Amino acid sequence: MIPWRTAIATSDATNIWIRGHEITSLMRGSTFTDAIVLLHLGRLPTPGERRLLDAILIGVADHGSGAPSCAAARLAASGNRQSLSAAVAAGILTIGDEHGGAGAGCMEMIAAGMALAKRDKLTVEEAARRAVADAVAAKRRLPGLGHRVHTTDPRVAALFEMARTEGIAGDGVAFMDTLEAEARTRIKPLPMNIDGALAAVLHDMGFPPPAGMFVFIIGRVAGLTAEVAEEYLRERPMRIKFDVEYDGVPPKPE
Amino acid sequence: MIPWRTAIATSDATNIWIRGHEITSLMRGSTFTDAIVLLHLGRLPTPGERRLLDAILIGVADHGSGAPSCAAARLAASGNRQSLSAAVAAGILTIGDEHGGAGAGCMEMIAAGMALAKRDKLTVEEAARRAVADAVAAKRRLPGLGHRVHTTDPRVAALFEMARTEGIAGDGVAFMDTLEAEARTRIKPLPMNIDGALAAVLHDMGFPPPAGMFVFIIGRVAGLTAEVAEEYLRERPMRIKFDVEYDGVPPKPE
Amino acid sequence: MIPWRTAIATSDATNIWIRGHEITSLMRGSTFTDAIVLLHLGRLPTPGERRLLDAILIGVADHGSGAPSCAAARLAASGNRQSLSAAVAAGILTIGDEHGGAGAGCMEMIAAGMALAKRDKLTVEEAARRAVADAVAAKRRLPGLGHRVHTTDPRVAALFEMARTEGIAGDGVAFMDTLEAEARTRIKPLPMNIDGALAAVLHDMGFPPPAGMFVFIIGRVAGLTAEVAEEYLRERPMRIKFDVEYDGVPPKPE
Amino acid sequence: MIPWRTAIATSDATNIWIRGHEITSLMRGSTFTDAIVLLHLGRLPTPGERRLLDAILIGVADHGSGAPSCAAARLAASGNRQSLSAAVAAGILTIGDEHGGAGAGCMEMIAAGMALAKRDKLTVEEAARRAVADAVAAKRRLPGLGHRVHTTDPRVAALFEMARTEGIAGDGVAFMDTLEAEARTRIKPLPMNIDGALAAVLHDMGFPPPAGMFVFIIGRVAGLTAEVAEEYLRERPMRIKFDVEYDGVPPKPE
């Protein structure tokens, strides 16, 4: 039987290495955020990259208990008090293209835009405008724009400002800035959301598209564990959502 | 490396066997409920046992979209439209001692009561009364009694009546009937719930205690899949639970 | 806040209805498989439909502990002994287009083929041949054909024979039979697998495409619960997969 | 209907606060590890605490693809290519008392030991020795000691050395050091594992017992996301574990 292969971690009887780095050396000299970059990109980040990734992870960690991820984690904590990990997992399962995962689709859009720019010798801005035109023509929503709760998402400006200060803002940030401006003109005001902002910055740090969802998951788990801890501490088991309205076929007489 | 072992299923290039039964023979001559018994007990059920297990599985399949399992499955379906299985799994993760899993604890209580009855030469009824006395002394809740929604759970009487008609009602049913009566006298009216009723019947069919939760899960998955299907069909993505009240430390001025 | 809506189940203080049917009436007179059809299609099945769905559910329930779903459930049971539901959920999470979920994609292909047949006045067989031609041109794999383990999957012939005997075999069965024959001619022998067979039959019973995955999940949960029960009963906790080969960057000297 | 309550996060149309701190202020001035402490303890860590928590999170992030969590995540990634979050969740579900979660039980043991020490006016060392005596008498395993792979876990010494350097090592570290020494004398050499070491340090930082599992989950998600990313990138779908041995009843002739 063929063994599984990995290039991530290995160990012997007395040591463990992550991407070739001795684990105790990382524990003594690196931050958790450094280790996230090392695990995913195989290299340690620059100080500026570390600051940006810290900002992204903080920015997505929690947002209120009513988000699908937090509400599902609390429901699982409420019915299944035997397993903390089950409750956290229930929260993670709500994460997808529609909640927390739009960053991955957005990074694909940016990558496709950059590939197009290269092929057709377009500027980044022209590529972004073409992405808007394509979405309008196909009646598709643009990932990374629009928010259900915030009129302006304060995390976006903070992140982009940091990306510029750290000298990391590049094609990704330029693409998303133009996308937002062009959408405003051609569709309607659709303020960039945190998924769009983190997609731009992760693109500029060299992460591949799935990182748009992975980084959200890593950050959100910090919040989900706190939500589950609070549910155990403050609430009685077995929450029921009472306000459900039945609109199916009427009960049949027997 | 030692291979994993199993006594459940095996196959070769042209056939599959479940507990020694050829799968096509089961497909042609058995019901799904038969196969559940075969998988768990290694034998096919009698017609009466099949009818009782069908009744139990139907009884726990669904109950309203507000149950934690259904609500969590819908939240996951709402945020993560990429994976039907992820939504079903999120629903299952809410199942534990407090939601849908009390049957397992109840079956343990019945098994312990029967062991005590044997050791101390007690009748089933005396063992059940002792279980109530112990719970009262230890201020513990009795599994299988009480319900958050129903004053009388119609499924309980239906199931016990069927168990008597089929000649399957035995120690388990007698134990739970006495438990309910004794709790009414010594504590307060705590009508038996479906977890308590299925625990009694599964005990009398020879299932081990964890089956009290497994059977609930099998039945509930039928309902969860329907809930997820309905969520996809009728609702827009990304449900948010808006009515969350913040009562933490007030926002600090920067 | 707008209440959630559902047409599946409702209850009051003393009763529960599933799709308008009183639950105790279903418990007394229906099988679990009937209830699955009722939950998903809003109607009870004919006796022939019930036999076919029983056969499908049995056919996918288990297949050996080495399938991704069973292996993942056992790994979770092995590390997390606190929650039976968590182990079952881990197994379900492995189900997707590549494992157990191909039936959904296959039902979409059949539905698209039937729509094309109607639009372009093709026979079912012509539509199936066109599906093969399209897949060959696009270098796409055809869902429902081919198997990693079986040269001939015995469940396929059994299911199609039953579908014919019960008078349920229709466009879906004809489409898949032609697809298999045409693929054999134009590509290579790719025997139909159980996902393809159940897709054909569920199509002919009127189920929508996602049912191809939902029905697999419902059936497989019967097997997963048995696998988890066996893991608890026979194995010590904390299985480790030892045969992993590291091929990443060599450990760095500190 | 009573709204849900939370003291973790709140937001309005233009801002978000975590435990009262404006999110953009945290993004600009804190690390992700700071935010984890803030979410769980309601306060920011000292520099020494931050370094220790970074070391713990790095120490548990990954350890090799054969651990139950990594293997289950890869199996899910292998069968269900539709959802990155489903694969990560499958990995998390393997985490429990037997894998990654022993830290929680260990923190409970330390907390109980400290309560006993206070009540009976014992030194920390006397309390730890009593914990060993109790475990020997009850034939219970001691959480936090022993390892399946490492004879000496290099992470333990590194972490305790850092805890001493930072002036954070307190009762927890003393308790676990004595526990290990006493177990060596009274049972056999059982080197402290990372769960025992992180339990000691988290206790000394003021975390409640469930944090022993939550912190493991947060750290491990960094590794799980990398494992899932690698599975997608390097492996073909649908891994099967072939080396399963059937030892059940022999196939019956039909």
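Note that the chains are named A, B, C and D in the order they appear, and that numbering of residues resets to 1 at the start of each chain.
The definition used in the following text is that a contact is a pair of C-beta atoms (placed from the backbone, for glycine too) under 8 Å apart; a residue touches a chain by one contact, two chains touch by 3 or more.
Please read all numbers here as calculations on a predicted model, not as lab measurements.
Note on chain C versus chain D: their Cα superposition corresponds to a rotation of 180 degrees, in steps of 5. Counted by residue number, the contact pairs of A-B are over half the same as those of C-D, the matching pair from C-D, A-D or B-D.
Interface comparison, B-C versus A-C: the higher number of contacting C-beta pairs is recorded for B-C.
Separation between the centroids of chain C and chain D, computed from CA atoms only, is 36 Å.
Per-chain Cα centroids separate chain B from chain C by 23 Å.
As a whole-number value, the distance joining the C-alpha centres of chain A and chain C reads 31 Å.
Counting partner chains per residue, chain C has residues 1, 4-10, 15, 22, 64-66, 71, 80, 82-83, 85-86, 89-90, 93-96, 101, 149, 239, 241-244, 246 touching two or more of them. Residues 1, 4-11, 13-16, 18, 22-24, 26-28, 30-36, 39-40, 53-55, 57-59, 61-66, 71, 74, 83-86, 88-90, 92-96, 101, 104, 149-152, 154-155, 157-159, 162, 208, 210-211, 213-214, 217-219, 221-223, 225-230, 232, 234, 239, 242-243 of chain A are the ones that touch chain D when the two sit in their complex.
Looking at the complex, you find that chain D touches chain C at residues 64-69, 71-72, 75-76, 78-83, 86-87, 89-90, 93-101, 148-149, 237-244, 246. On the side of chain D, the complex with chain B involves touching residues 1, 3-10, 15, 17, 19-22, 25, 42, 80, 82-83, 85-86, 89, 93, 241, 243-252, 254.
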